[in-house]
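Okay, so chain A shows up in both of these, paired with chain B first and chain C after.
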Partner chain A sequence: MGEVLSVRDLRVVYRLPTATVEAVGGVSFSLAPGEILGLAGESGCGKTSAACALMRILPGTAEVRGEAFLEGTEILGLPEDEMSKVRWRRIAMVFQNAQAALNPTKTIGYQIAEPLQVHLGYSRRRALQEAGTLLERVRIDPKRLRDYPHQLSGGMRQRAVIAMALACRPAVLIADEPTTALDVMVQAQIIELLKELRDEYGLSLIYISHDLMLLSEICTRIAVMYAGLIAEVAPTGELFRKPLHPYTRKLLGAVTKLGFRAQRLETIPGSPPRLSPPPPGCRFASRCHRTTEACGREVPGLEPVEEGHAVACWNWRDDGAP
Partner chain B sequence: MRYLLRRLVESLVTVMLILTVTFFLFRVIPGDPARILIRGPGITRDVIEHYERLFGLDKPLIVQFGLFVRETFRGNLGISFAYKTPVLELLFERMGNTLVLLVPATLISILLGLFLGVLAAWKRGRPLDFALQVISLGFWSIPTFWLGMIMIMLLGRTFSTGGMVTAGAAHGSIWAYLADLGKHMFLPALTLVLIMHGQYFMIMRSQLAEELTEPYTRTAKAKGMRPARILRSHVVPNAMLPITTLIALNLATLVAGFITIETVFSWPGIGKLVYRAILMRDYPVLQGILIFLSLSIVLANFLADILYTVLDPRIRYR
Partner chain C sequence: MALLEVKGLTVSYPVAVGLSAFISRRFLVAVDRVSFSLPEGRTLALVGESGCGKSSTGLAVLGLLEHVGGEVLFRGKDVLRLRGKALKEFRRRAQIVFQDPYESLNPKMKVRAIVGEPLRIHGIRGDEGRLRRALDLAGLSPPDYFLEKYPHELSGGERQRVAIAAALILDPELLVLDEPVSNLDVSIKAGIMNLLRDLQEELKLSYLFITHDLADSFFLSHEVAVMYLGVTVEQGETEEVLLHPVHPYTKALLSVAPGSGREKVILSGDVPDPLHPPPGCRFHPRCPAAEKRCVEAPPGEVELSPGHSVRCVKAESPREEP
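Right after this comes the complex of A and B.
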């Protein structure tokens, strides 16, 4: 169907000694070539769990179910040994905190060159040369290959991590809040860089962030997650023009608008439900202003509204003002 | 460079403090050194005063201290009450014997402990991990002298159980000597390895478990690195950083010998010397060993710090 990645009913359950937590409760989405899909949602809504589940790097306490087809191959059921050949070559990831994601005692060069040596069989020399080229591509002086992570600035470290992720030219790149810890100027640079790289390397991107405005800058499509489920998914413009899910609306309401006089920021009262176990019915019900009887009884499925726009709400048709 | 210099000065200050404490520690212990030295009934005042003059015990304490520091730096640690020979000579002779036993035993313990630690961390939560923990901790908790005695009971017929070589034996060649030494060394060395490897095992295992929770190991996995490579190239080298310091410090304490082992197996090393020196109130010997031990710990600390700056890039450039 021309999709690079197609995820069906992805579930992640953490079996902890004290509780069983359903972090991701059945998420489906697909990624077209060259597309940048945004995964939005507040902390703990399952964005990172879903991403790590696709990479299959969750801890042993996590149970992953569902299917994910990466370039036609189902990867969630692959034997571990096969999977390690898929990682970084076909699907790579840029982690949230570059400082922690890098090994503090290995040089940047070593860490970028490592997958080239292991996956592509490059000699050390050639891998380092390639690593230098990659660094140059993300606008870091190749001399920095010999530096250790702590010697780079925050923005540089994040770019180095991006260079590392591109090393084996993956088809899909997951960027998990890659700019959260950075200041706004550096954020903008990184986003520009990712866009350029997408075109250059023919990447398809999943961009995870809690920042809707940021996502609107880079994404072609945005999926809004709430409590482990996708609440609404739509092309970026459409989502901002015509949000249908009450949660999306309130999120957009909570965004600061430039150019207006200082006003009190809108918030969403309450907090997400506990997911151990999840409540029956719609998970947003407890914070929603227009609940009906159905909301407390059954989880609403994603219902297509228009081409590329789907919403999981029983009452989206009642287009009443919030 | 400035870091090195600062550490060097710190080390020197520590040495001075050690000398001071050692000196006054042995001066506040009850008992008159001259009387201990002579140890006979019906000593006259004259004899005591003679000995006090001989050993400088009649001088004011502060002068004695000055002399003590000066002589220590000259390498003169005094004369043993019991053996009537210079303490330094005695220590060097015994230390050679001690190191012959302890250095190989300790190195084997370290290698074995670290290896088993990696193995357990890799298979953590599995039966092998559990079995290794039980064995290592079990041996670590056994009293050394008791295990030594059990070893003698079990294997005493096959291997020699006392001394370094067969007393009075004429060894035709160096090989015959080494074979005899090996036969005597085997049991004490085995006992030491069984007792000592446990701490390296536990530290390696827990250090690895800690490193494995660091996000960079997840990155390595995401990069498609296989578990063996992640351990070999990332986790073990990083876990070794704190362990290196521990090993350096443990190696430093080797100069003090291993009292229980050397006593049980009659090994003529420092440990056995300490044992006898305590029984006979041989203060100069004890004082000498204390100084020796402290100095080697200070030195090992200093070297470990330097080593650390070489191994850990985060410290190197500070």
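Right after this comes the complex of A and C.
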């Protein structure tokens, strides 16, 4: 068992009054100790739904299926009282909007100390002391324990949220677009911090972002999601060198790059398919430039290509040029 | 003669702090003596982090702000002194596209009314052909399909195209693009970036492109002005500034841009409070190369090569790389 987290055939279906939406349609991946796995994809591709399913914090309208083994324990089927011992203690999450993740009426210190009291049974005093240490660790002056969220800058708030998430020393941290609302310099600070924390705490990370260039700088592996499925997964360097899925290629061609002024950026005609219900066959088929009869008929599975590199496309073999 | 010539532009905002609001008005200087010129058919990118004054500069150039000093010469006439008819005529020639097409479009108006509104305001007889042409230019075809839609029926990319169509309908010469692609998914963003480039070529438009994304500015702009705390620290040809940066702030900002491939220079802390800007060079508290003289007086602008200028004392003394 060399994996901290192993997810098998994860599905998330939202049962809404008007429709049934399959947001995640069967996703499998694993996370090695100390690894940073990137989940890339555009809005609505299911990356956040998948993450929230692992945390078991989806609303009641969501139906989650599949298996997820966290340090050997299957967590998707755990009764809630057992899950509450795992959530935040073994697997934690930080969100894009740090402002919304913090209670505006409670001090930062109170909010970081709270999980320590609730989950680890610390006394208030000891929890506050530990909160100070944690704040210092995320490079915020421990004096700010008494500050309220609105007194901190955006970057500091996100760091405080990271301190909260790490309070109970989880094994896995899911970072869902934690820097999307922040400036690049602050983003760089946060990423540096996350890398340090990974080394220090032996943390494994799932980093969710729409920004492939950003992921390329922090992730060991990247999984590209499209319409609720993983289209391609590969070690970071390999994904950029040898993207095989037409969607990955298009996406890489659509990104503006420093130092390389493209004549035109790649665009992807059309829009992602409705997932209520998802179309038969490959979900990218309607926007793909290279479809065969198989594409419309059957969903391609993730097929291993090389060590750690897998692609879900019927035609990846004969796709010489993008 | 440049289409737009900005000289010593200063923008202040009155701030009310507690009781002082009743006693005296204090001003926050958001833009401090910014100068640049924008030739016809070219793009100048204003880049920098939140609060650096790039958006204020864009709004001030259009004459949309109060408490503005300096000169904004549009075809030789000072926009800031225009009144009545002349001002209205200028507003026909200069338009703006905002960041968020979810907020900038009136949800109660159909596309026909949104795009046609500028015509009404300027008392131009509602001409169906003109409406169609604007939609066509913005890549919304067939126009008939889109004319009767409400914003909520459109995708993010289509909405931004509606905003662009509305900006184009009066045949402007200058477009201020205020983070026009920041809220869009990669593949949609690429389409808008291509469109902006095509429109410039076709209509000989001049763009003032406001962005925090250096890679985007590399794609779209001919010249770049890098702003920090209301001051332009470096400006010049895009390739020159972004590939051979001289100012320590430009270097740091570039280094943390995802995918730049540069060694990271991560500045600690946050941008200082613009109400209390640091003395001397505004960047000195965070500058890795700061020395004593940086605190004493703000550095003057030094022209390194024709069109490439930088505000750093180290550039003042020759043969000394800052």
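Methods note: the second predicted complex is superposed on the first by the 318 of 322 C-alpha atoms of A that agree within 3 Å, B and C clash if a C-alpha of one lies under 4 Å from a C-alpha of the other, contacts with A are read in each partner's own complex, and residues count from 1 in each chain.
Convention: contacts are C-beta pairs under 8 Å (C-beta built on N, C-alpha and C of every residue); 3 or more make two chains touch, one makes a residue touch a chain.
Quick caveat: nothing in here was measured; it's all calculated off a predicted structure.
Once chain A is used to superpose the two complexes, chain B occupies space next to chain C without a clash.
In the superposed model, A:S271 lies in contact with chain C only, and not with chain B. Of the two partner chains, chain C is the only one that A:V184 touches; chain B does not reach it. Within the superposed three-chain arrangement, the count of touched residues of chain A is higher for C, of the candidates chain B and chain C.
In the superposition on chain A, A:L102 contacts chain B only, with no contact to chain C.
Shared-chain residue A:T133: touches no atom of chain B or chain C.
When the two complexes are overlaid on their common chain A, residue A:S43 makes contact with chain C while staying clear of chain B. Rounded in steps of 10, the angle chain B-chain A-chain C defined by Cα centres in the superposition reads 80°. Think of it this way: put the two complexes on top of each other by chain A, and the tightest Cα contact between chain B and chain C is 6 Å.
By the touch criterion stated above, chain B contacts chain A in their complex at residues 214-216, 218-226, 229, 233-234, 237-238, 241, 311-314, 317. Note for the complex: chain A touches chain B at residues 52, 55, 57, 81, 84-89, 92-93, 95, 97, 100-107, 114-115, 118-119, 148, 150-151, 164. Note for the complex: chain C touches chain A at residues 49-50, 155, 185-187, 189-191, 193-194, 197, 212-216, 218-219, 242-243, 252-254, 256-261, 264, 266-268, 270. Within the complex formed with chain C, the residues of chain A that make contact are 42-43, 139, 153, 155-156, 183-189, 192, 210-214, 216-217, 250-251, 253-259, 261-262, 264-268, 271.
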